[in-house]
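Got some structures for you, see below.
Heads up, the next two complexes both have subunit A, just with different partners, subunit B and then subunit C.
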Partner chain A sequence: MADHPANGLDDVVHQRVRLGIMAIAHQARQVEFGFLRTTLQLTAGNLGQHLTVLEKAELIQIEKGYEGKRPRTWVTLTAAGQAALRDEIAHLKQLIQQVEQTETPPTADQ
Partner chain B sequence: MADHPANGLDDVVHQRVRLGIMAIAHQARQVEFGFLRTTLQLTAGNLGQHLTVLEKAELIQIEKGYEGKRPRTWVTLTAAGQAALRDEIAHLKQLIQQVEQTETPPTADQ
Partner chain C sequence: MTDEPVPQTDSPRELLAAVHALTRRVRVAQRGTWFPLLVFATITLVAIPVYRYVPYLDVFGTCRSRPGHTVCTAPNPAELGYWTVALLFAYAAIAAFYVRQSRRRGVGTPIRPYVVVGVALAVLMTAVSIWLTFHPLLPQPADPFSTDPMQIEVGPAGWIINGLASPLAVIGLALLVLAWVERHWALLAYTLAYLAIGMVQGNQIIHSSSPWFFLPHLLVPAAVLLLGAAAFALFRPTAEVRP
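Right, the complex of A and B next:
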């Protein structure tokens, strides 16, 4: 287990909210701030902070514009973001496979 | 996507190092502190902090003892810990499935 799959997970991508943002951006191709906020049940401030982390890591691109007169913020994965999401999922699958090939052992309190 | 699988992930379990600890404890049934530290490439302090979080959440049981004259700390999942790991994995599989059923879209910088 020297190279445990958990060691291959990147905290920038693995963090629960950011993994959600990246998964949704992947599925939706381009996703609007308000949609992310509702879907991931976040405050605007919290979502904004996580988007900043992903943008600084160059995993997403943020575009600001208008839909009619309403200001809109659009989020798209970069090529590096797609690669990072693929990498995260590859490591998660390895970890899941390792867990699932072990039968549930007796627990401490049984 | 109102009930996005990322919303079902529990930060206590999902955090990279703690997910690694729980996966290894599941696989090894009972695992020694030094083995976790080496496998997950952690300092003793960092591992200790994550074990405390998992113990406070009642997901692991920690036992201290001796192997010969050497002090040893053993980690075992509780029944709640097994359930939490199963839950985490179920949500991850859902998220992975949603991502994988979407073809890789064009990225922001292509």
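Right, the complex of A and C next:
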């Protein structure tokens, strides 16, 4: 029997906020803390916790610096992060496909 | 576009929908379409006094003279020099604009492919124009001083080569890349319309002795670019406007 797609989901990535962070970082290449906070509508503390989880898993890279006198934190997806995002999306698509096949009503001749 | 938060559920379908919505939101925040159009409209308008007042520089030796009369078989090389320099400066300004916007909005920019293709096309335009000076596609009259209008027929290959030598076509071709990097359907439609107008206009030959005969060839694309810049600036989504 083929492995169920749900078994391939990574708990670190398969969490809506962290998946959101990774999706944004993938499209933006580099994204600033403030943009993530506004877009995902999170508090700074909450976002910081999710970023720490992703950084520990080496899925993102965090760079801190200054622009003028303003402190800025930039987030970049690592190569492992790109691969993890790709895998997560593939697994989600497989899950949806599997659910759709299960939900298909039986035809008259079955 | 809306500013709805990410759905509070972990269903695969909603997670995927959220990923797509966030991707679209980032793309909108990365756009700055009006600026390149404004820059290109400006350099097209600045080309008008260059075409009119810069004296012919016969660097390629294409002019033939007889007493009181000089005929040159190629466009003024000063115009080519202007476009090469202006396009390179334009792409430098566009790159600087997008980088600055990226820092201000806190989201990276995917502009590099556009700038690289734009600069490559500008260099190609210069090379093709110089090549065409020595290998003209159109038959040259035996008597360069003849004033008889010639029948001109250019095949598809000639169209492509002439297009690559045209600064306004080169701007349009690079805009197709911008439409792709910004995933911007409105810009794609606009660029196709711009290129179509350029093709129709390029087919028109102006028989005139006026020193301003070139004016429609510059004013029409400049007006189209200005209108495009204004439209994209006015109708940009709120996420694009918000710093």
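Observations on the model:
The criterion applied here is as follows: the second predicted complex is superposed on the first by the 99 of 110 C-alpha atoms of A that agree within 3 Å, B and C clash if a C-alpha of one lies under 4 Å from a C-alpha of the other, contacts with A are read in each partner's own complex, and residues count from 1 in each chain.
The definition used in the following text is that a residue touches a chain if its C-beta (ideal position, glycine included) is under 8 Å from a C-beta of that chain, and two chains touch if they have at least 3 such contacts.
All figures in this text were calculated on a predicted structure; none of them were measured in a lab.
Of the two partner chains placed by the overlay, neither subunit B nor subunit C lies in contact with A:A44. Looking at the superposition, the partner that touches the larger set of subunit A residues, subunit B or subunit C, turns out to be B.
In the superposed model, A:T102 lies in contact with subunit B only, and not with subunit C. Once the two complexes are laid over each other on the shared chain, residue contacts for A:A79 go to subunit B alone; subunit C is not touched.
Of the two partner chains placed by superposition, subunit B and subunit C are both touched by A:I24. Of the two partner chains, subunit C is the only one touched by A:E67; subunit B is not.
By the touch criterion defined above, A:R16 lies against subunit B and subunit C together after alignment on the C-alpha atoms of chain A. When both complexes are overlaid on chain A, the residue A:L92 reaches subunit B and subunit C alike.
When both complexes are aligned on chain A by C-alpha atoms, subunit A residues 14, 16-17, 19-20, 23-24, 26-27, 29, 39-41, 89, 92-93, 95-96, 99 touch subunit B in the first and subunit C in the second. Note for the complex: subunit B touches subunit A at residues 1-2, 4-7, 9, 11, 14, 16-17, 19-20, 23-24, 26-27, 29, 38-41, 60-61, 76-79, 81-82, 85, 89, 92-93, 95-96, 98-100, 102, 104-110.
Per the touch definition, subunit C reaches subunit A in the complex via residues 5-10, 12-13, 15-16, 18-19, 22-23, 25-27, 29-30, 102-103, 105-110.
Interface residues of subunit A facing subunit C in the complex, by the touch rule stated above, are 14-17, 19-20, 23-24, 26-35, 39-41, 67, 72, 89, 92-93, 95-96, 99.
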